[in-house]
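Following are the structures in question.
Both complexes below contain subunit A, partnered by subunit B and then by subunit C.
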Partner chain A sequence: MTINDKTLENLSKLSKIKIDDNLRDKLKEDLNLTMNMIDKINKIDCDQIEELSHPIKNNFNLREDVVSKDINRESLQKTSNKTEDGFYLVPKVIE
Partner chain B sequence: MNLETLTLQEQIDGLREKKFSSVELVENYISVIEDKEDLNIFVSNDFEKALEEAKKSDGSKKSQEDFPLNGIPMVHKDIFCTKGIKTSCGSKMLDNFYPPYSATVVEKLEQAGSICLGKANMDEFAMGSSNETSFYGAVKNPLNIKKTPGGSSGGSAAAVAANFSSFSTGTDTGGSIRQPASFCGIAGIKPTYGRVSRYGMIAFASSLDQGGILAKNIKDAAIALECISGYDSKDATSIKAEVPNFSEDCESSEFEHVVGLVTDLIHSFGDEDLSKNYGEAIERLEKLKIKTKEIELPNLELSLPVYYVIAPAECSANLARYDGIRFGYRAENVENLEDLYFKSRGEGFGNETKKRILIGTYCLSSGFYDAYYKKAQKIRNLISSDFVNAFKDVTSVMLPTTSGEAFDLGSITDPVEMYKQDIFTIPANLGGLPATSVPFGEKNNMPLGIQFIGNILEESSLLNISNKFQLGEK
Partner chain C sequence: MTNNWESVIGLEIHVQLNSESKIFSNAPTKFGSDQNLQACEVDLGMPGTLPVLNEKAIEKAIKFGVAINAEIAEKVGFARKNYFYPDLPKGYQISQLDDPIVGKGSIEIQLRDQEIKTIGITRAHLEEDAGKSIHDLFENETAIDLNRAGTPLLEIVSEPDMSNAEEAVAYLKKIHSIVCALEISDGNMSQGSMRCDANVSIRKKGDEKLGTRTELKNINSFKFVEKAINFEIKRQISCLEKGEEIIQETRLYDAINNTTRSMRSKEEANDYRYFPEPDIIPIQITSDQIQRIKNELPELPDEKKERFINELGLSEYDARNLTYDLELADFFEKTLVNIDDPKLVTNWILGDFSAILNKFDVEAKDSKVDAVKFAELLTYLKEEKISGQATKKVLENIWENPDLSVSKSIQDLGLEQISDDNEIEEIIEKVINNNPDQKEQFLSGKDRLFGFFVGQVMKESKGKANPKLVNEILKKKLV
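And now, the complex of A and B:
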């Protein structure tokens, strides 16, 4: 089994997702089924092949590095339910 | 006259000839939508605003040249940000999200004069093939309410099939426009990666995601696609290329076609009905006197495992933005900042989304990156190269859209069986290629679809062959 309890715990920590205890067994089963399907790629010899990370080659268009004022802080922060004086509020991080 | 059953082209013509008004169109649709609420197609709507806009449209003297969709009602997949209007992406995580800006696709359709009737339900963060992963519950297929409409653009496909609009927007990361189009008996197009701006389109897998159109037929899809296409400086992967006149090209007699076929590959699946429908599609091409040529796509079956490394890997990075702080769901009763992250993400994401983030995290984690992510990208190159080679001899490739008809809601519980839904549609995403689904054939009284895949930026030729195929013999 590729993904056991320990791996799942590590993945939960890395992805910062709390996993409920009642979900663990089903999640492990589904992840292992998926990884078994994915493992087919290990049988393919493609050492000499280049990686393709983007489907359209040489097409990255960067904008001029100038400030635009399309969206202001006030309207952006309306999407958060905890802000004060232009700052986002989070639980206390410094004692 | 049943205005809601008209095609987009018929509506454009009817409005221009003043056979009916935009208000009448909107009122007709509202009445149909209210009658069919149990299909669970809309996540949100604003009928009052739609009627107001229709009144304005009826009173304006806008030219059709500048405003090709003036007064035409439509539906957006709820993945496209709409300024000040809830944009949930089918997730509890974004159930309270009212974006401060609109997606480029939304702005372009507004500029073309269209009127949004509502936002369509979808699989959570576009991760699903049946619409069952939505926080708002599954959409029902209008052709048979026990069946799935497909996914992830299931709401958009069902909206067109149920006569909620003549066309809708969708997105396609591994088949999410084409598979639901096939399941609902309508047409759909995913254009070339970069043809349609991804700005304001909530990200799933950035190197695969592409916006597109679902419509009653290919001609209508071409009209709407033309309106949403074009370079956008807000999307670094947007392609700087002229947008052809898709609607004219779609019906042109100028295009010469050689359609690539993979008959042996289709037979190798050992599914009689699949082979039969593919064979009948070939017969239609022959009757239309369209040239065909057998080609090989030797790595097609590797598309599935490759996709399920790349898409989750990209999704695990993209969905890292949901931290419970700046927008989206925020958990209560947390002990500290770390706890806020864990609980917000644990409670805000649904199970399928969690699964994909975990798979992606695994494939990108230390010690596994080379074995999975790097390897998948190499095989992606092999699959893409198969198409590059094929397009030396043919102008498009014909495949089934799906291996079967729409299945019963709740009938697939094995995740890998669900993922196999996309075996024929994923290759186009891996190669960034444009692809359509055209209704063709049926099984168990449900529609099937045939898919055409075109070369990069050759949507005109692709729409032309798809339209010819859909119209059949003259």
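And now, the complex of A and C:
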């Protein structure tokens, strides 16, 4: 896969990152280098190898269904840019 | 509109599981609390927090899988579904992609003509619910309430096995009755505990290939499922007949105007960039665990239905209608404790009792007339102390006046049945004397007029005469 202007545009849209026009060529070059490496990795035959996204197997990290009551809305909302009446406020999202 | 088309429908149903705490945090899941009082650090996606899976969510999902005879996964893994929306603070939803907890299964639905149809279930997977965005509360901002964020959801995906809105509703009702019987969800559609998206496509009759589908979102009642699908089928057929193409897109159902409108097309569709959730190690489900849950399964709607047929002698039709709504089935069984006449109780529950519940928009469990009182009322009817018509009036009366006893209501309304031969004879004689022409016609062979006389006698007695006695005496008097 090669990164062209169209894929770069799509990436920008998906990541919500605006790309400066003078950076486009440099970015394309960098991303294509990354893609080249991924292509190399993709060539490795790993059909016989079990996936390693989670090499550990266990069941011990389940939680009992118990509620803890220490939610402090005021303190949690301190980190928010804007709150009112207990709500978090964000710029108007129009569907 | 020509009849050359057939529709193909599949449903995705989101069921909120009724655990006490959220799927990945120990914040409460209760509905209706003040905004953001149930959203903890984990639900808010604060840096440094980690999700820890709720064992009850796993158990409830397995329960559902076992109930629909589905394969249960040995390994349950989670994945991140990335999208950007303010009511999803982490920027991704923890869901399942390749290792859904529940695999292929099926359920049976009954259609109006008694035909049984099997609907395949492709999979059911666990995920977390998002928060709520409220757009009309503030002028320039959207308000976010994250109380719902992290509530466990089971998303049940059906095969495209339904061919009209009626089947889709029957399927949704069946899933609803199963999750309620299993007590894994409260099933409250108006509070969003059960939500449904419908995939609808149209093809020429006999075609193998599926047509282009649209996905209908935002359907939150049985009634709207039917309306939304019917509208969309008509819209697609009319497009196709005009030679237009169907665009693969997501459409929003607008209940107020009974229409669907485009939300986003496939080109704009999100690329969710799924990848395995690194924060949650896949868990292993053992066959012992599945067996234990199997052994603890409560009676399912289909089993209840069979019991009603085999042990209580109900018809298939009645048994199925009673078990669609488990609260109604429960009320039925509670009524039977005090009156041993399943057929009579069924008729009244499916008839006038259901009608009054609908009229006041009340569930059977919140009925203003409890099962004991209802049984008492039906006993009066069974013992012919009041007529059917009178029973209906008393039912309405004691519904509106919960403190009133059945006997007092009958007294107040003056509805005690007249079972005194002499009194009935008197009324009959009066009716016959007032209608000499009809009597003559009856005697000359117009048998149908017998019903006329019965009707007149009932009217004259204000519905209070015992119909059985009226029939008997009238037969004698008319000869």
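Heads up, the rule we're going with is that the second predicted complex is superposed on the first by the 85 of 95 C-alpha atoms of A that agree within 3 Å, B and C clash if a C-alpha of one lies under 4 Å from a C-alpha of the other, contacts with A are read in each partner's own complex, and residues count from 1 in each chain.
Simple rule for what comes next: a contact is a pair of C-beta atoms (placed from the backbone, for glycine too) under 8 Å apart; a residue touches a chain by one contact, two chains touch by 3 or more.
In this text, all values refer to a predicted model and were calculated from it rather than measured experimentally.
Engineer: Please indicate which partner A:90 is in contact with in the superposed arrangement: first for subunit B, second for subunit C, both, or neither.
Structural biologist: both
Engineer: With the two structures laid over each other on chain A, which partner does A:65 touch: subunit B (first), subunit C (second), both, or neither?
Structural biologist: In the superposed model, A:65 contacts subunit C only, not subunit B.
Engineer: Looking at A:75 after the superposition, I want to know if it touches subunit B, subunit C, both of them or none. Which is it: first, second, both, neither?
Structural biologist: In the superposed model, A:75 contacts subunit B only, not subunit C.
Engineer: For A:54, select first, second, both or neither according to whether it touches subunit B, subunit C, the two together, or no partner.
Structural biologist: A:54: touches subunit B and subunit C.
Engineer: Have a look and say if subunit B or subunit C is in touch with more residues of subunit A.
Structural biologist: The partner with more contacted residues on subunit A is B.
Engineer: In the overlaid three-chain picture, which partner chain does A:14 touch, first (subunit B) or second (subunit C), both, or neither?
Structural biologist: A:14 sits against subunit B and subunit C alike.
Engineer: Pick one for A:23: touches subunit B only (first), subunit C only (second), both, or neither.
Structural biologist: first
Engineer: Please write out, lowest number first, the residues of subunit A touched by both subunit B and subunit C across the two complexes.
Structural biologist: Comparing the two interfaces on subunit A, one with subunit B and one with subunit C, the shared residues are 10, 14, 16, 53-54, 56, 59, 61-63, 71, 76, 79, 82, 88, 90-93.
Engineer: Name, in rising order, each residue of subunit C that touches subunit A in their complex.
Structural biologist: 19-21, 26-28, 34-41, 44, 46, 52-58, 77, 84-86, 133-135, 137-138, 140-146, 252, 263, 271, 273, 276, 278, 280-284
Engineer: Where on subunit A does subunit C make contact in their complex?
Structural biologist: Interface residues on the subunit A side: 10, 14, 16, 53-54, 56-59, 61-69, 71, 73, 76-77, 79, 82, 84-95.
Engineer: How about subunit A: which of its residues touch subunit B in the complex?
Structural biologist: Against subunit B, the touching part of subunit A is residues 3, 7-8, 10-12, 14-20, 23, 27, 30-31, 33-42, 44, 46, 49-56, 59-63, 70-71, 75-76, 78-82, 88, 90-93.
Engineer: Which residues, counting only subunit B, touch subunit A once they are in their complex?
Structural biologist: Residues 96-101, 192-194, 207-208, 231, 233-234, 236-240, 302, 304-306, 308-309, 316, 325-328, 330, 334-343, 345-347, 349, 351, 354-355, 357-359, 361-363, 365, 371-372, 374-382, 384, 414-416, 419, 429-433, 456 of subunit B touch subunit A in their complex.
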